[in-house]
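Take a look at this one; I'll ask things after.
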Amino acid sequence: MNEHVSPALRWIPLLPLAAAVLSGLWLVFAPRHLPRAAVILLAVGAPIASFAISLSQVFALATSFDSGQMFMTDNLYTWISAGDFHAELSFLLDPLSSVMILVVTGVGSLIHIYSVGYMDDDHRDDRGFQRFFVYLNLFTFAMLMLVLGDNLLVMFVGWEGVGLCSYLLIGFWFLDDANAAAGQKAFVVNRIGDFGFLLGIFLLFWSFADAGAPTVEFREMAANIGLLSEKVVALPSWLSFLPGFPSWGLLTLACLCLFLGACGKSAQIPLYVWLPDAMAGPTPVSALIHAATMVTAGVYMVCRMSFAFSLAPGAEATVAWVGAATALFAATIGLAQTDIKKVLAYSTVSQLGYMFIAAGVAGYSAAVFHLMTHAFFKALLFLGAGSVILGMHHEQDIMKMGGLRTRMPWTSFTFLVGVLAIAGVPGFSGFFSKDEILLAAHEAHDIPGHHTIWLIGLVTAGLTAFYMFRLYYLVFTGESRADHHTREHIHESPGWIVGPLVILAFLSFAGGLVGLPDAYGALVGIPQSNSLHYFLQPVAASPVHEVDAATEFSLAVTTTLVGFAGIALATLLYLVRRDLPAQIAGAIRPLYELVRDKYRIDELYDAVIVKPLVGFSRVVLARGVDQGLIDGLGVNGVASVFRGAADGVLKYAQTGLAQSYMFAMLLGGALLIAWLVGGA
Amino acid sequence: MATSTVFVALFIFALIMLVFAPVMTWVERKQSALMQDRIGANRAEIFGFKALGLIHPLADVIKMITKEDTMPAGAHRLVHLISPFIAVTPAMISFAVIPYGGTYEMWGAKFSLVVADLDYGVLYLFAIGSIATYGSMLAGWAGNNNWGMLGSIRVSAQMISYEVALGVTVIGLFMIFGTLRLTDMGVLQQDTFRVFGFMKYLGWVSPDARWVDWITLPMWGIVLQPLPFFMFLTALMAENKRAPFDTPEGESEIVAGYFIEYSGMKFGLYMMGEWVEVVVISGLLTAMFLGGWSLPWLAESDLIAFLSPKFGANIANLIAMILAVHVFIGKVVALIFFQMLIRWSMPRFRYDQVMNLGWKILLPLSLANIFLTAVGILVVQKVTGS
Amino acid sequence: MGDISPFQFQVVAALIFMIGVVGVLIRRNMIVMFMCIELMLNAANLSLVAFSREIGDDQGQILAFMVMVVAAVEVAVGLAIIISLVRNRDTVNIEDASQMKW
Amino acid sequence: MKLAGLLTPQFWVFWIFSSAAVAGAAGVVGNVRNPINSALSLVVSMLALAGLYVLLEAQFVGLIQVMVYAGAIVVLFLFVIMLLNLRGSGASGAELQPLTKLVGTGLVVLGTLFLVRVLATGRAPWPDVDPSYGTTRAIGEALYSDYVLSVQVAGVLLLAGILAAVVLAKKKVD
């Protein structure tokens, strides 16, 4: 591998940072916010410039790719230097991060543009417009740090940065307590994941150091991963119920820790609960952070650490199964939601589960592929939903919408493209990426129960198609169910909003072509048409499944059929016989209510974890430890001891006569001098 | 220090003291009369000789010595007694470090026209000056008189305040001359400098432009530090508590201030102290700012070198010495005249104005002067490369 | 320096110092006590300067100089305190100032 | 003691000044009647000490001693005593009891013996020093090179002292 240094890389994250810092400092210190035009220029210009640089860098990488040039780095400075250990603040551009930065800056730029239109009517706070873009730019910076980081530490900085920005943006309208609470929930739940991530980093670093190669740099870790492959960790006896007892592979443990982090960030079971609540933030935020970029960080991290995961079969299986469970679970919840953003949120959780299925079955390129297409169509859907919400004057209940197709033709059309893409209709981007995942799951013979996973994926695909079309029909077709006043004012959104929608619609449609499976490519005479797969191969090596075209086509047909079945069912229930859903819901009322209430997982967590924890804190920690032990015995106890001593004894030494003190001082001084001189 | 030099110095010292102090009373009266278009003291006579009123000082002395010496009731007797001496002594011994001339070798002996050629001459003066405060301050208190008390509070505040300004004002001069020894200052001030010399260094004129070498100024303190000269003079006059800084004694406000309870020769000693101090001020200013005992553009060494071939070294030195003493006395007299002009033409400052002048004008200005002088020295060193 | 030994200076310094100490202890007038503190500082200065001369190094003089600076500040602040005390309590007797506040 | 020693001026200077310093110090403590007397004794002591400094060839310190202590500090003491108008008895505190005097004297003697024991460092002969020793130039150069930080700190201290004195001594406005 010949190293190539490209100092332009640093400007990709630094430009949004500069914009955020500049604008943020202005906000803090200047008496007035910047003029709107300046905010727009600064805040939208920075990610677009980053995108331009990213394009040129990725292009440079792609052109040199065939000559064996696999990556470029940009080293800013040595961040930590301790003994043999060096952590550089450096950026790495390789195929994996190329895809990510293009998604982050590209989709991010579109969402920035969109936000100009979306936040335009936000008059709740004089400086809100500028504050919003400060956060958004800061997020872009943190996300780029995350994906461009050359080692786990830089990645972790970005990881925490996006968490922070997510918190800030979810609670953007913090005057409403519910929003602030949602932000806190996201932050706290993420911290659980971050704890696992940190443990994973520590474990890996410690193990590498123990093996004589202290490093956290990805390429060095990948090169030295063999040192750890044989190491095992003995489990304590009370863990005897775990499979694989009495010892686990060290890498399995480390990867599970890392995966816990990924679960938190990417909203997987059991840490997915924050994402639906995170919809409290402005819709562009939902689109950018909670659909397109940040929540995929977990997937990205697993792919980035694929060299470790591929040596830890237990961890791989866990990833795949957790992903599958999440995909199905979230999809079923999505069936009964009535909030337009909640539906999309559960859909996001479900799709992220899909990606983890792919990552778990070592189909890393499939995971990244789906990550990318999902970024396109889910951002499109969210932005479309935002446009609808704007048109409906911040009404989010789909039961109060309907018939918007005529009033908002552009939104309606682009939303339909997104729905088709996510439903996996052939030719759209979602079709190819989903197919590749299902294919990978189907062929992953070393994962226990891989057929079941495939089946779950299939069912989920059907469910997805069903609830997405349900959403489309309820929002855009039929009669409007909005109240009179709102109905009068429904309007198409301005160009700032429609423009990004159209571009994203195009990408959602055509984006699948970069990963056109070889079998399809062969049909039109393009060899190795799955260019994304081959591009990613050096970084995230996915096993090449020798699948004959027949199997591949048959699988695709199955998927398509299932998808169409879902679409057909949705058409029947929500377009043709609109009275049926209520009847069905009435027939299976307990089940319906359970699903509608999201399986009452939040309540369960509240009862099992939050309540006991709060009770414990209140009774034992607050009353017992803090008030009793620390305050009572420690602070007040010590104070009362001294107070007692002073009150009973010492105060008689305090005559208030300065000369008595002086005499004491003289005696002390004399004794001190005598001691010093006598000792000499 | 050879014995002979001390002798000569002491001789001249005594001469100046004896002559100047009594004559000052005459000067004061005559000059004020001159300014106010009067005739002034002209009555006293000895065998018909009036000598322009010069007999008056003698008459005054006789009057004071023969007057009753009162001791107020409730006074602190010892302090009341010694205060006038404390007041006059510092003024007298201040003269010890002021040089009337340089060092001259005649007939194998060295004559140095200064009583004590101290390395820390100016500091010595300041130290002595600070002692002088006691004389005034204790006087007012010891007399057990409320006016006197007010006077002594005023005098102590005023003198301490102006000591600060006094010291800080001349630091710029010390920075330039690099010495506190007054004889060294006298020698250094015999130098000259080219007003437009910087042009050569900067290359504005050709190196062999002769006119630059002709236009010179003596390196007198007043030329190098014009503003501090006046500030120093002001501070010194305030230290001396004479009009317009006579708030501690201000007749119309607190009768006579701190020496209200004195009569006879003790009162005379306070007057004498003030007059002697006028001479000291003039001598100090001459030594520090006005080139000391030398004439401008005429370095003493050049003079002796010029005269020696004609008259021999001894006579040349003698001529130089006599010239030096006369030049010095001339400058001193001029300065005394100047001080008298101020004293008789300015109204008394109000007390708060005195304090404001000291703390809010003189002190900041002199601090600024230190800064500017430092910058100037750096610039000169940079330009001349030395 | 004749027959005067460095030791003699130290004796003088010790004597003045102890007079200062005793003065602080037995006098009741705050101003006089303050003067006694000055005496102690001066005694220390004398000791410093004498040692400085004995060693032939000027460090002791520098230290004495610094002590004077501190003493000057101390006097300014201390006398200001005494003035405000007299204003409030009309006394300079140290025994009348035995409370932290009143 | 050799007779020759008696004839040197230093001998006389030392004895005159040191006895004046000690006597002045004793006067500060012993003058019970009037604080002004104590202050005047203090001046005597200070000036005598200045003489001793000059004898020790520390001319600069001696001059500063005169200027700062005699010229400023004691004047300030006097100023305050006059300002507060503390003349006469009563304000100056209780008279010294005979027993107090006795104990005080004893304490002085004992303490001096103790301190002398501490300060006795062996009787090194006076070393020869440079002619520049103790001159303004030598001290000044040392202060502004090796000890410049101390000078800065002293300046800050003085500034703080000025502010503190002004704030403390200022009458309350209302």
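Per-chain residue numbering starts at 1, and chain names A, B, C and D are given in the order in which the chains are listed.
The working rule: a residue touches a chain if its C-beta (ideal position, glycine included) is under 8 Å from a C-beta of that chain, and two chains touch if they have at least 3 such contacts.
Just so it is clear, the model here is predicted, and its values are computed rather than measured.
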Lowest number of touching-chain links that must be crossed from chain A to chain D: 1
Innermost chain by mean C-alpha position: C
Greatest separation from chain B - chain, by CA centre: A
Averaged-CA centre spacing for the pair chain C and chain A, given as whole angstrom: 72
Rounded Å distance between chain C and chain D, as computed from the means of their C-alpha atoms: 7
Chain centre separation (chain B, chain C; CA means) in Å: 35
Geometric centre distance via CA averages, chain D-chain B, whole Å: 30
Chain C, residues touching no fewer than two other chains: 21, 25, 94
Interface hub residues of chain A, defined as touching at least two other chains: none
Where chain D touches two or more other chains at once, by residue number: 60, 72, 76, 83, 111
Complete list of chain pairs which touch one another: A-C, A-D, B-D, C-D
Complex contact set, residues of chain C against chain A: 21, 24-25, 94-95, 97-100
Chain A to chain D touching residues, read off their complex: 670, 673-674, 677
Footprint of chain D on chain B - complex, ascending: 76, 79, 119-120, 123-124, 126-131, 133-134, 137-138, 141, 149, 152-153, 156-157, 159-160, 163, 180
Residues of chain A defined as touching chain C within the complex: 655-659, 662-663, 666
Residues on chain C engaged by chain D in the complex (per definition of touch): 1-23, 25-29, 31-32, 34-36, 38-39, 42, 45-47, 49-56, 58, 61-62, 64-66, 68-77, 79-84, 86-87, 91-94
